[in-house]
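Each of the next two complexes has chain A plus one more chain, namely chain B in the first and chain C in the second.
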Partner chain A sequence: MPYNGKITPVQMAFLLHPTIVATALLLVPAMTERHAGRDMWLSPLWALMAGFATLLTAWALHKRFPDDTPIEYSERLVGKTAGKIIGVLFIFFYWHGSGSLLREYGEFVSGTFLMETPTEVIMGGMLIIAAYAVRGGIEVLGRCAQIMVPVVVVLFMTLILLVSRNLDPYKLLPMLEFGILPSLKGSIVPQSWFSEIIAAAFLLPSLTDRSKGLRWGVITLLFVAVILSLTNLTVLMLFGELAGRLVYPVMSAARYIEIADFLEHLEAIVMAIWVFGTFIKIVVFYFLLVQCTARVIGLSDWRPIVLPVGLLILISGIWTAPNLQQLVHALGTSIVFELLLIQLGIPLLLLAVALIRGKKGAPATAK
Partner chain B sequence: MRTPLSAALSENENILRSVYADCSDAVFRRFAVGGQTSALLLYIEGLTNVEEIDRCVLAPLMLQTDQPPSGPPDQLANRQIPVSGTKPVADIAGVVEEVSIGNPVLLIDGQTGGMAFSLPKWEKRNLEEPKAEPTIRGSREGFLETLGDNMALIRRRIRSPRLKMRSMEIGRYSMTRVAVAYIDGLADPKLVDEVMRRLQKIDIDGILESGYVEELIEDHPWSPFPQVMSTERPDTAAAGLLEGRVAMLVDGTPFALVVPASLFTVLQSAEDYYQRFWISTAIRWLRYFFFVISLLLPSAYVAILTYHQEMLPTTLLLSVAISREEVPFPALVEALLMEITFEALREAGVRLPKQVGTAVSIVGALVIGEAAVSAGLVSAPMVMVVSLTGIASFTIPRYHAGFAFRLLRFPIILLAGTLGLLGIMLGIIAIVVHMCTIRSFGVPYLTPLSPARGSMLKDVLVRAPWWMLNTRPQPVGQLNPHRQSDNQRPGPDTGGEQR
Partner chain C sequence: MNSLISRYRAWLLVPCLALTSLSLAGCWDRTEVNDLALVTAAGIDRAGENAVELTVQVFVPRAGGGSQLGQPGSAAGDERSVVRSAKGKTIAEAMAKLQERFPRRIFWGHAEVFIIGEKVARTGIREYVDFFLRFSQPREHADIFVCKGEAKKVLELIPPLERHQAEVLRELSESKVSLHVTLKDLAEMLVGDAGDAALPYLTTLPPPVGKGQQHTIAYIAGTAVFRDDRMIGTLNQQKTRGLMWLRDEIKFSVVTLSPEEADGFISFYLLRSRTKWLPRIEGDRWSMTVEITTEDDVVENTTSLDLLDPEVTRALEAELEREIVRRIELTLKQVQQEMKVDIVGFAEIFHRRYPREWRKVQDRWDEKFPEVEVRVEVDAKILRPGVSGSMITRPKDERRNR
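Up next is the complex of A and B:
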């Protein structure tokens, strides 16, 4: 049962890319540095493991149930009651996820740009626009992503290019001083971010060309790893091991830019990258939350619950943590396990059940 | 009204006279065919060519008294009346319809049918250069107010009989004729049917301009963006037809409608395709850049001055600060005041009689200019910003489409004044989401950017030379995707020096 509307595999890639990168770009470099030190640029590459594990699990399940989202096939695999429980888990997961995501956005903006504006106003403004996009359905999301993500990538590359003259490659040395263990440890947080590729499981059924779904999923993951690794390299060559002490290293990097005495203080570029990227990420999480809710409680039309769910996301954003420090702490500790458990654990469990019971879904044409 | 014409002429005349009661412009001319059978000629004064009636209808019928012409009107038309366009009419409604478009109708006593002659004539404008979309290179012909002439202007550009023109009447009272033009084999039949369906659904008292039709057939009536392209140029309409689009011509207006439209059809000018592709590409980029400027410059100025002063280099910041020192308003108020003044001047310039126009431009230069600055009401940089924005908004080739973006400027200025650059970004996101939502006759508004159509980008990001534009735009032209054969690239056959 796909959503009303279809997106192309490329649009799916454009939706999934910011779903992982948008928040990973700002908070994760510092968190990685704390464990990996100078080898932090390796960590995103290790983190690909979780990404591929999640993507392949989602793909294997999609092959068995081509027309279903995880909500439907979990009911078919483990029975109605257990399936509903998994659905509710997904609902709470995406509720919490979109809430803390929104809060990260609010904290970033109010912490760096609009210090006197209440966070609730900043989060609410974003949510209203997100609600408008979500109401448009998956096609609108796909098109928005296709417009915005290339802009974000170009801005990001420009940023790296502009900052490149301040880079010091010697800060990378010595490489692998303590073996690969630190970089593996550092990869735990990025691992959890990479597992967000599970959103693909929800999007695969509404692709125009399903056979290309896996290819574009893999491209997304590789591209995410390259961007994150590039970010970590830049931050590392700029700040060395100081990077772990900065809350938003990329933001601090942008402050270094000074060209021809005219282009300086380009934090606005970072904000543009961040706002556009986060918008797509919020919209994807929001959309999945609405879809999961509508499917678990069996609504025939999901549009009426978009606004109420938005309000709940705002509340979750306010509740999720008392301040930025605790939010960052949670993101580096307990949320890692939450992300991995729900996004990788549950799909693996479902796949195991499917393999043991040898259960196959109805053929793709069934409707 | 569907009363059939009776054989008795006096009966028909009574009905028609009651239909045209108190219509002082309706002329009932009683005469005798060959001095014997009485007949009636009905026409509207001012819509009909009276000299031709006298010469071709009345003279041959009245003057042959030695061998009086007789028989039903269609036979008379075949033998006696040298007029090219004739049409038999059978009922009162048919008579009224023919008379209303300027065709005189002949009724003869003792015969059940009447005959209409195509002899319309009314005062009209001569062919002129399109006022709203002028070009340096390209045809100087613009559409007229007459449907027939407009159809001819298109037919002269596309002579193939596969160019079809379906016509219909819309409007209970105005009974406006509307023609739907498309090229058979290029336009998707489903699109044509959809256009016909939406037009037939219209039930309104009158259509005075194609703007009525436009608002009544749009997909998203609340959107500020035009989802139908209106053009005054026959060549633009013909280009649209050749791409597989459908054009609508409305009697009484020189503006044709072309669907489906997208954001980029609005940002393109006919001349883009007439000059060398390098120039067109450069001009397109210039246009896109100034399109963004016209939407964002004042709000960026407000946001930076209010929230992000650190983004300006120190010297620039100082000079701006000095010029703003005596200005009593915050940047937001200043920007809104100046932008609204500019819009008022523009509107006044359009509406005023030409003789007063120079006065407006003199006063305008005072209000948005040196005088305002030296009065200490606005700062000099603000004047620059407003003027640049004004110029930028006039680079959008379709004046009416430019309005949407000019309007959107104001909410973005307010957002910039309240949330700074973040507000501008939220505004941009909202606009992008909205443009992603709307469709024009089923085609997403941002095609070919999103959903991306790689092969079409060469006519959007740049203007590729004609020998590379082998395919029609998708998905409009998918019925017949190739518009020319592949190897069109010109070049000399052999290389080397001439002997």
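Up next is the complex of A and C:
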């Protein structure tokens, strides 16, 4: 049961890219550095493996049930009760996920720019726009992404280009000083981010050209890995060992830009990257949460629940952590397991069941 | 009801869109430029046992006589900035007290210069660096200095050429005649392998006769050397140059030498220079070869040597090389043998090349560093004799024939 509306595979890539990268650019570099040290730029490349595992699982399941989202095929694979439980797990996961990423956004904005504005107001503002977009349906989201993401990528590249004259490649040395292990450890947090590619499983049924779904999924993952690795390289070559001690290294890097007494105070660019990127990410999570909820309860129309669900997301954002420290701690510890378990574990389990029982979805019927 | 809404939908949207523009002002954090006191420079001094005195220099925007509306032109008169200070246990506390003395909100986003008084520097600077890196307004790019005497005095100076003292120091450090250290660099040095730091050291230029005590500037007169985060001494400007050769930061230098073959002096102007470090560990012997390649022009010649003669040039190159080596060794002697602080960055260089050996000595690098044998090799090239060949002002017969 696809959503009413179709998106092109390219639009899917544009939706999925910020779904992983948007928040990964902020807190993750510092979190990676703490484990990987100088080899932090390698970690996203290791983490890419988790991304591929997730994507391939989603693709294999999609091949078996081309018209279904995970909510439907989990019911068909493991039975109605167990399937509903999985559905509810997804609901809670996307509820918590969208809440904590909304909070990350709020924390960043109020922590660095609008210090006196209550975080709730910042989160609320974002949520209202997101609700408006989600109500528009998947086509609106696809088009939003298509317009915003290229802008984000260009801005980001500009930023790296501008800071490049302050970079010192020697700070990367010695590479692999303590072997390969630190960079692997550092890849655990990015891994959980990469597993967010599971959103593809929900989007694949709505593609105009399903055969190209996998190709664009892979392109998305590779591009994400390149961007994250490039980010870590830049941060490392600029700040060296200091990178792990800054909360938002990318932001600090942007503040460091100063060209000819004229091109300075470019934090606003980071802000633009951020607001656009996070908007797409929030919208994707929000949309999936609404869809999962509507499907698990069996609603015929999902639009009426968009606003109430939004309110719940806001509450989840407020509840998720009492302060930034706790949020960062959770993101580096328990949320990692949550993300990997739900986004990689459950699909793998479903795939295993499908393989054992040899089940296949009904051939695409006219719906 | 529903049809009513849909009919007027477009009209309902207009006020909604108009309302959203309200939020663009930034809600609670709405600030107008004329409500802000823009800090251009800040200084930290010691005030008693456990207190610091924070001094800020605030830009005074004032529309000039005929300048355009709203453009803060350079005002006539001397008061182009205001300097005020307050004391506190921490910088944040001093800042809060300082705020009481300003009708406008103190804004740090444009603070480009931080000056640390020598007394504070000698007791440790880590905690102050923390404040400037933790508080989100000051920028990591701000330049940082240590000054002789009180930082407050430096900020109170009224420079004749630039708008205010912060501008003077910024231009000075941009010109790279001496060390240029940003807040980020300092933090990196403090967490680095050696943990030692070097900052530019300011001295006040004596004011011209007949002018007030304050009508002068502070300039960079050397380097303040830190072991860990405490200042332990200074290098003079000449040794600072040596340090910059060693750190591959030299951008501007005039080397003057008196050639053996003739009386008088020849001055060379540095065009470009590149330093390479070749670390080597043989058993317990750690050595470092510093290879410097430099290209120079002649800017002054008071000898009778004919600089167009390739052989003279070759001889001069050798002398220039010796002179540069001598200068660098002078610096090394003080830094490595007397002060025993690794502000050259050898720790990182060894760490990069020999990570395993490095780990064995990293805890006692302080003892190991003075034992490192340093060999300086300079390859100097004199590219041009300037725009005149030999001694242009001498009569023909006085020129030496070779």
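As a working rule, the second predicted complex is superposed on the first by the 365 of 367 C-alpha atoms of A that agree within 3 Å, B and C clash if a C-alpha of one lies under 4 Å from a C-alpha of the other, contacts with A are read in each partner's own complex, and residues count from 1 in each chain.
The working rule: contacts are C-beta pairs under 8 Å (C-beta built on N, C-alpha and C of every residue); 3 or more make two chains touch, one makes a residue touch a chain.
Not measured: the values here are computed from a predicted model.
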item	value
Which of chain B and chain C A:89 touches, first, second, both or neither	neither
Contacts of A:305 with chain B and chain C, given as first, second, both or neither	neither
First, second, both or neither for A:45, with chain B first and chain C second	neither
Contacts of A:241 with chain B and chain C, given as first, second, both or neither	second
A:160 touches, of chain B and chain C: first, second, both or neither?	neither
Chain B versus chain C as contact partner of A:265, first or second or both or neither	both
Which superposed partner A:173 touches (first chain B, second chain C, both, neither)	second
Partner chain in contact with A:118 - chain B first, chain C second, else both or neither	second
Where chain A meets both chain C and chain B, residue numbers	113-114, 117, 125, 264-265
Of all residues in chain A, those that touch chain C in their complex	111-118, 121, 125, 170, 173-174, 177, 238-242, 245-246, 252, 255-258, 264-265
Partner chain B, residues of chain A touching it in the complex	8, 10-11, 109, 113-114, 117, 122, 125-126, 129, 132-133, 136, 139-140, 142-144, 146-148, 261-262, 264-268, 271-272, 275-276, 279
Residue numbers on chain B that touch chain A, as the complex places them	307-308, 310-311, 313, 419-422, 425-426, 429-430, 432-434, 436-437, 444, 446, 449-452
Chain A-touching residues of chain C, taken from the complex the two chains share	23, 26-29, 109, 133, 136, 139-141, 182, 184, 187-188, 191-192, 348, 351-353, 355
